[in-house]
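Working notes, structure below.
As written, the chain order gives the labels A, B, C and D, with residue 1 at the start of each chain.
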């Protein structure tokens, strides 16, 4: 927790200190500051949440103290991996960092050692490894593209240098590279049809990990995709990455929206909702242009905050009710008003109703779609509506109606959840101009 | 680049693809492991040749790692695991061997078509290398997809990694960091797989992947 | 006049603060009084501000931009004639509902689930009307939906309410998405979301047509146009009664506002054929709504269906205005638009009144099922009088206000022969017939309501023991009843107040009415048609008084009480009265087959058999069956099919990844 | 102006005085047609006077509404009847209601009558009210379509204007006018509870409509309701007369002679109307209640057809 706070402070200091020149291994620009600040903030609040969550797990004997030491160690390694991925200027190093973060989460997903947890971790691991392989192959290809122009050695993997030379790269090979990178990192983002690991990993691991997975790890992978997208966008001869990303985004959105209906496990439900939102974000970035990129960024931030808040609530709910099955949780607003209304507010935010930030970003996504690809707005709106219906249906059952299940009071701090929700609420009503201009700058950077 | 150098590289990389296809053909686990050892051996030779050609001594390290870990330690370890766990020696296939081979040929053709078409600008050696590496990668994946045993899937995954190593070494002057990360990932992969196999052994009588699938949440 | 818009926004801010305060007050006993007191006061202030703007001779618009919402356009607000009028409707409804809530709210079992959302709901409605850019509009619109959803869910433990809330919010979201698409079309690729920018652009005819379709979906789903009305009879009754009144009386009007704002203000010149669609949907809505109401037993559901009918009337009138506007007949367009707005106002009056009455009955008896009520006229004297006024007004009978606005609609219909298009010429009289049918059925419907609930003898113990409700509730209802009466007697004054609104939208208003002798209502010319509610009222009152006076003075005034004639049967039980269902039976036989696939089954025992005979009536909701049920089935089917993907083996998942890779590579190979 | 108000007052008094006479006339003619002697044409006046003198027997459960309704019904019908031009057009207050408002005013009276029927809490009142509501729900749209037809021809819904236009030669004979006339007669029969819709002379519970509603009424209340019924009959006859046989109506501002002439013409029209009604009622049998929708549906269709045909003839 302390470490989390420290890194958060360090991240915030990035705003004030002057930026170091890009080195061979590390660099800082607007894009990664945005990700880092979000990452460290959610990482910090999650560690606050996990303190009370894990304490409860220890009490109920689901985990022993050795597990917990392992858990906390892995948590820090994972945070390190993610931040490393953000600051690395070397595509190879970035790859290593992403994989580091992935592998640690694999271990944490399997921490309960139940057959379900092991199964989820195994699936995560196998699919993740294939993703790793694809991403590495893509990275090698990028090097191969760059090597004739930049020369052998380190420089051909340094992102800042790659971008400079991108216009002259061989477009055809770059295309192949992007296919592999998109599939490789896209597996981590959880894009359909590469998403299979995501719902199970969310459902069977400890809830703080679910929060971090949805709120952060997906972003890390997305960050990687975006970096390479910039590369591709800079090359006029290459295929536009947009249509590819838009297709995958839309498929993810609509697919996940329908999948939401069949869910019986509350964490798996919100895991699918993460797939859905990742679909929207990737769609927005695929659309391109300042407005859509802005919307995508905003949506990403809002989704991270909201989804982790929801998982905070869900964690306590499953602890207090002793189950994750949706059918066994009823009338939460009656039995546990704080948690219940927290969940209601969180879900209201995630399904995109005002006054929450996701409404604004969805408004921007849909409307910029209209501006650029009017016909795509219809399936987009359709997917949003289907997902809306599913989540609201489950929310109505869980939060309202005759209460069911344990009435035991919750021993938990609501602070992380409500801080997140308050931020989302504020963003929905008022975005501070500096933040806006900063995001706009990034949006232009993303092309 | 003289013809001889090219021919040897071509031969070795082509051999790797050939062995990959051979692996698809195997229907016994032991034979599969032996074939994989051969696969790793050829990879070692190929990497060593690249090291010689590119005059990059650090690639010899990679070659050595490939030889020691992949050609010797892993096959032996897997032999032991199979014996200890009493796993069925026959490979259960999801798709018939004949069909798999046919698909394999198709995949090789596809990777040639993709790679040779798009890499007109870089030097022919790297070009060949990449095309073969992609073939190996796809064949490894095909193996994972069409075989049901956990062991054969692991083998498939490792042959996929071999393809990556082939690509990485083929890329001239690729910084060391990549090689290290490749081996590192293989190492971690193996360790984790080992842990999982062990844990799975704790609870299951078989490492057949399908047996795991009964434990998916959300079904009840 | 930035002052008044600032004041209004301030009111909204105070309402939002009140909502937060309500969370803070929690279970405190005074919370109900404090919250409703504040909302009543704020609504009164906002009402005065809006009225000032509406009646101000200068008619200047004022705008205000706040640095909220979408960063680069900010949150724009604008107070013009149209928004001023709707603000009057919103805040009048809000104020009276707060007043009613002061009394009604004390019976609330879970005030914590009502009090925070009530002010938020009011704030949302006010914001919609003031919004001057697409984002602020949709934000407020959806916020309004959300807060009213929370109010619908206040009594979530009662069966059916959760489903009502669910369907409500899904339909609301559907509407919002339709509106979003409409605004997306209007804003164009440059993202000109401010209404000012949309107004300035000349829109293509295809865009105009699409926007109209989307607005019918978007605003129509909120207003309750058939077939998008399904949520309305579920959600309105589920909420506490003063909220039902707001939802029916006011929120549906905000939807009408949205339609008017976009179609009349933002889009510009309409297509003439689009008016046919609007009119036809309006007419169908009116007839179907009131027929459904007639078949209902639950008084609040009945009122909700009747809201659908009135929305139909309003949309018919709006469609007429569109037709006239498209043909450049400004005066006729103004007439139709004025009629629509007048009806908006009237419906807000009497529907709120009726919902309050239903709430009072609910408080007094705990019953919503009309078949368990009866004879309340003896137990609740004041409520019964004001409720009668409401029933009379909503039945469109002179001299009350409902007739005045329907009369204007008919006058507008009579202008239709001058339309050049043949389609319109044929359509308009048919729609007029539908409206007349709806009006006649409405009268039947409210005879049924009043006759079953207030007249006759009590049908349950609860009805026998009913008590008159508190003074706050009575005051709220009395205010609305007198407004119904006033608007009915002085329709000319209302029309004058609406004239600048029509003027700002279609470029013409109706001639000034206040100077006409005897305060008559003369929309076009005296030789064409005129109506004087005041005189009719005076004549009827005078004649009735004369009759009473003469008869009581010169003939008999003796009264004797005796048992009612029961065909010689010794004792008439309350069950032997005519029930509401039996009242509606003839109409069900006439229209039921068509509208509800009604089916009657009589189980008549053979002679000598002592078994009781049974009559079973089955009715289907054809809209649900033919539109929504297939959608639900479709979503379920797709979800079930796709759900199989959750349970694949890892190998199969890998196959999918593999297939994706191969596909992409193939695409590349072929593309290159 | 004083004179105008005087004429208006005359009209009010005239309809009040003539209404029972028309009812008596129809009854007498019917009796004669059925080869009965029948009561005197003045019998309705005697009935009214007798009823007014009797005490009222209220049902135990009856509320204030039950007692107020007869006066309101009477007043509304009276006002409506007084607003239809009978012997002169352009009366002083004629503009205070057009044809739509007059129809609606009759509807107001019906509203109270139906409510009063349900007040006592017996099944008779309910039966009557529910059947009345069904009939009205079809008759009112038919009436409105007739109004449309007339308004399309005359360009107005103001009865005085309509009558003036109708009297002018340029209207001519039109198919739609004929349809409107037939439809209006059908509506009038339904509204006044005459054969074949209802039988004002029956008290058989299964066939009653109007009488069922007023079953609980007695004494002066019943008198008021009977009076209102008579006024309503007069109203419809006057309406048909004023629209379809507008000749002889005194124009505004014309002298006393014209008014006397108009009044004579009006009396003659009433006589003919009453006679036709009596003949029609004698020649027809009452229909089942559930045949009524078909009857009124026909009126509705005629009205609509008339309106549509007008458009056709106009645009050709």
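In this section, a contact is a pair of C-beta atoms (placed from the backbone, for glycine too) under 8 Å apart; a residue touches a chain by one contact, two chains touch by 3 or more.
It should be emphasised that the depicted structure is a prediction, and the values quoted were computed from it without experimental measurement.
The set of chains touching chain B and also touching chain C is given as A. By number of C-beta pairs in contact, the leading pair of chains is C-D. When each chain is reduced to the average of its Cα atoms, B sits farthest from chain D.
Taking each chain's centre as the mean of its C-alpha atoms, chain A lies 31 Å from chain B. Averaged C-alpha coordinates put the centre of chain C at 35 Å from the centre of chain D.
The distance from the centre of chain A to the centre of chain D, each centre being the mean of the chain's C-alpha atoms, comes to 77 Å. A straight line joining the Cα centres of chain B and chain D is 99 Å long.
Listed for chain B are residues 114, 117-118, 141, 144, 153, 212-213, 216, 218, each touching two or more other chains.
Residue positions 122, 126, 130, 172, 175-176, 199 of chain A are each in touch with at least two other chains. Shown for chain D are the residues that touch two or more other chains, of which there are none. Chain pairs recorded as touching, per the definition above, are A-B, A-C, B-C, C-D. Across the complex, chain A meets chain B through its residues 90, 92-93, 95-96, 99, 103, 106-107, 110, 113, 115-116, 118-122, 125-126, 129-130, 132-133, 136-137, 139-141, 143-144, 147-148, 151-154, 156-157, 170, 172-173, 175-176, 199-200, 203-204, 263-265, 268.
On the side of chain D, the complex with chain C involves touching residues 52-61, 63-65, 71-72, 74-76, 78-79, 82, 93, 95-98, 100-101, 104-105, 107-108, 110-111, 114-115, 117-127, 129-131, 133-134, 136-141, 143-145, 148, 151-152, 155-158, 161, 205, 215-216, 219-220, 223-224, 289-290, 293, 300, 303-304, 307-308, 311, 314-315. Residues 122-123, 126-127, 130, 134, 172, 175-176, 179-180, 183, 187, 193-194, 196-197, 199, 239, 244, 255, 258-262, 291, 331, 333-334, 348, 351, 353-355, 359-360, 363-364, 366-372, 374, 377-378, 381, 384-386, 388-390, 392-393, 396-397, 400-402, 429-431, 433, 436 of chain A are the ones that touch chain C when the two sit in their complex. Contact residues on chain B toward chain A in their complex (touch as defined above): 114-115, 117-122, 126, 130, 133-134, 137, 141, 144, 153, 157, 160-161, 163-164, 167-168, 171-175, 177-178, 181-182, 184-185, 188-189, 192-193, 196, 199-200, 203, 212-213, 215-218, 220. Within the complex, the chain B residues that touch chain C are 94, 107, 110-111, 113-114, 117-118, 138, 141-142, 144-145, 147-148, 153, 209-210, 212-213, 216, 218-219.
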